[in-house]
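Common to both upcoming complexes is chain A, partnered first by chain B, then by chain C.
Up next is the complex of A and B:
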């Protein structure tokens, strides 16, 4: 009996500061508030996805259906959906060639930007050389130069060099204008690496290149991956540069699709699947690199 | 941590990754000077230091004294503006770090976070192009010494602070370098682990026989670990000596106050005939010392007395003087009881001003706060320094 008495006494004597069961009202508030947030997020996400879903559905309908009704009609009549547009698209050489051109422009540009920027960023962050900070300031200054300023002078330059209207020209232009931001981003990330790690590697006998490859690059992985994805997206989606510097042989998908837009109508059967295809590829790239976005790569390095 | 020492002792030689350095790895700082850009005063000023082969030398001093800079100059991580640094017969003054054949343990360990413990430890050998099997063997040997065998496959973030510290040590010993450099390797450990690791590092170093330069701000670490201790202050070398001599014969007021805990009492007292006046007593000090001070025109000297070198005189039983109030009256402010000993922190009126003194007393007979003690410095245990220069006067 005495023990029971003791426990009940303890229960009664619960101090004010101790955790108590939350009241019904506060529980309801807690539930609904997180629920409301989730619902709102869902609605926003659906709203943003609407055009993409519309594009996907439209790309799966025939021209006749598309001209007859809006894409949402297909949701109630799934029988309308067909792969025929995609079949035609993939047998359309103008489109497949331009898709190939896009890849030929995007992949080398991304690689060039990432490699050159990573090396430059390492130098700006960790190699002592005279005037280093001034040169870096210059690079940062280049961030504010709009791409349009370069179009005419670079066109002339490329004309003189004989690479106007070639994939090489487009790649070089993209690389040049991508580098300032890329260097800026990576340099700031690399500078966060603890100095002692690099010193330890130097004492372990590593030269600059090995230091870069075995310590800086692995630790800078997340930043390099982000940069790679952004650069890929920007170049993939670019139209302005390609419109100016590419000719009919070297034009990428963005320009090729724009060719399908007519003054008073559009070739929906080509545009919709083409646009969707050009959109889904960068997404796949993103998901492929996604696992590189890991936090805490630096954990355990110091202390 | 203690058990990691025993396998080491039980199998001396078996696990030794080093058969003994092939060359004499002495280290010489020859007037080495480092001036940081934009700074007038050198961070390290004409450092002159000879470290013998296999010696454990500790650089100690307050923060900003240049001890870490000296170490980094030896590592090649810091430029040497003047003078030279030699390892053995080799002038390494302007060699890049990777060509110096030295290994360093950093204060924050600087482990490669993306590599496993084994890869961390074998990184230097991998760069040197050592065959994989040899690397594995050496890493495993070192891991056995440091009790890290079961952690070889882990990443640093999955280790405790003490384990990381050992990995950093392991990375250094796998290298079999000519010189070990350690930059406050224990300061990130908790107090208990620090004491046990201290012993471990010291015994490991004796075992390996590799010349070691160790930087710390903790004078206890310096005294307990080093064969010799070098005290720096403001970029200037104050004294290099064995821990015993450092304690018994500090070269100047700074070293006297820095080495020892609680610190030595330093009191400025007037010179009188036959010694210096200490309260009501005249404490005899070396005649030459007094003469030397007088020659400099000083009327006072700075007397240093360690807390354990005060004798209590109460005037009733074993008074040293005819006067009951012999010695110096110390009013007790605080008593620290450490069990075996007690330390009395008190105030005394010496040389015309109130002065804080620390006196060690018997742990069983500690005075109460507010009481007055009468103390006399023990003859022969006083240190006399010039008030004007701070240099030691007595022998």
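Up next is the complex of A and C:
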């Protein structure tokens, strides 16, 4: 699967057509245009980084400084930078609790989605039963259902079940709406596993569960990893589902921060460090597993 | 995140689809059902049933018991809130995907020519990893109205002031009862006429001395020069008191860069700007009146009201483009990798310009990928909620409204009409129905192959 550095593959490709030796003029044109491209992309990259850098710097300045001048002032006066906002934030129980809730929602959801989807995907790929293709097509159809459709009915359902406003409810909703994509991705991957491997394991007397755990899951590793990373980030970053289904005890960091936005609108000393705090884990996951993340994202679109 | 599949795309991930398999593996039926059970229960209870319930609920009124036929749908197309939402949704669906895809295409093509492509792509793609909430907070800071605080307006004001005359002394005014008097349309003119030979004093007040701490002391021009009409413009205020009004006293600050015009019978006959010591020399003999035109005193340009009612939707779309361009770029770059190099090389050898190669070969070959990106983004855009919820201040929320937001507001946010909320849900579902159909059709075709 092509990933973010698809260009490496491109560079390696050797042109078949024999190219003429370019003349001096065209070489100059090529050089300058390449220079222009470099400059343009450099400007774009800085432009793209600026908002995030702004948030980081703003999170490290006191309210007094923030009210007096823009964050960029701190670039020339690094003495302004201080951890005090973060100290304050981390001693604020509402924030730390909500950060903990985010983890309590994200980790179980990710595991549930991967396990439930992997089981289903195995059945769709390798177990013969009547109507299988139709059920799978139904799952494919559910791929694009907007989560908004589920909000009203599921909130009533959870109310009846007594799990409205609990972490369980948030986890179940996320899991259900994550499943179509997860099953789709894994089933396509599992279907590629060479039949001989499965048959060999079967001849060795492996039962269904062992076949699944020792052959299918390990071979499907890359797809499972992509799915896990993708799902983790998706749930960690969610606000809407938690806004509807979580209460004040179970709300994650995103909802806690939006409370702040709605109440005070411009308290940069809480919002900036809070937003950055909520971004740290996603950014670490992204930089550590960018290959898997990118292929997960691409699988969502191309396939 | 959006999940779409569209026809006609080379699939890098999964290979050929499921063929008819025989039950060599011999897994009993109940095993298959057992493996499927958790997924089917969850999907049935929390996705399929809600779809049905939403359709049903959308035909009932606010309290959920009286059957109102299609009144909720009429409400969507006639209510003022929902009409704004529909309009904004249209803007979103057209603008956001096209801009995002165009940028992604540009980046994907241009990065092929640089060595640090991986780093560049990482920077552009990074916003995909963070939450829309965080992106929203980031862009609240960017769009802060005060150019001293919001980077967008700082840039806009900087550019504006570079290209247009900026006034340095917006609050300056002459001493009351002095020679200078206010005139129509701003600016100040001397009541008396002046001749070359005697220096003219044009004292102003109303500026905080702190703002002029870097300025030079004002100087009285020498009248001996005889070269035209001379004079001084300065802040007639000495720190710590003292000094005579209307006279250049030691320690009083010069006002540099002020435009001075000589006016004769209503016509400008000469103009000059004051030097850094506040003096000016006009190429005029007199008798003339002196005028300090209004351009010296206009209030400063304060940038754009990004989060005001008229720009709020484009501004939020800007933040969306920031988040999703990386997605478009990565997909298009992957598509680009499968474009045959020989074709491009051959065209270049034939003397085609880079632009021609791009428009005639690259873009047509990428068309399927571009279509997938566009469709994916369109579906995704329909669901945008967090960005608007966070970036739009309360005063502009109504102007930034979209269907996804209106659904939330009417169902949970005080609107307390889940009938209308459900109807909006059905509408969103109808909008993605074509894509659902394409996905299913494509899977069926692959299954038959």
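Structure notes:
Everything that follows uses one rule, which is that the second predicted complex is superposed on the first by the 235 of 303 C-alpha atoms of A that agree within 3 Å, B and C clash if a C-alpha of one lies under 4 Å from a C-alpha of the other, contacts with A are read in each partner's own complex, and residues count from 1 in each chain.
Here is the rule we go by: a residue touches a chain if its C-beta (ideal position, glycine included) is under 8 Å from a C-beta of that chain, and two chains touch if they have at least 3 such contacts.
Quick caveat: nothing in here was measured; it's all calculated off a predicted structure.
By the touch criterion stated above, A:131 is placed in contact with neither chain B nor chain C. Once chain A of one complex is fitted onto chain A of the other, the partner contacts of A:37 are limited to chain C, with no touch recorded for chain B. Once the two complexes are laid over each other on the shared chain, residue contacts for A:78 go to neither chain B nor chain C.
Contacts of A:218 after superposition: chain B is touched, whereas chain C is not reached.
Number of chain A residues touched is higher for C, counting chain B against chain C. By the touch criterion stated above, A:202 is placed in contact with chain B and with chain C alike.
Under the contact criterion defined above, the residues of chain A that touch both chain B in one complex and chain C in the other are 199, 202, 297-303. On the chain A side of its complex with chain B, the touching residues are 194, 196-197, 199-207, 210, 214-215, 218-219, 296-303. Put simply, chain C touches chain A in their complex at residues 1-5, 9-15, 17-18, 21-27, 29, 31-33, 35-36, 38-40, 42-43, 45-51, 53-54, 57, 107, 110-114, 117-134, 136-142, 144, 148-151, 154, 322, 327, 330-331, 333-334, 336-337, 341-342, 345-346, 348-349, 354, 369, 372-373, 376, 379, 382-383, 385-386, 389-390, 393-394, 404, 407-408, 411-412, 418, 421-422, 424-426, 428-429, 432, 435-436, 439-440, 443-444, 447. Taken together, the chain B residues at the contact with chain A in this complex read 75-77, 96-98, 100, 102-104, 106-114, 123-124, 127-128, 155-159, 161, 164, 171, 175, 188.
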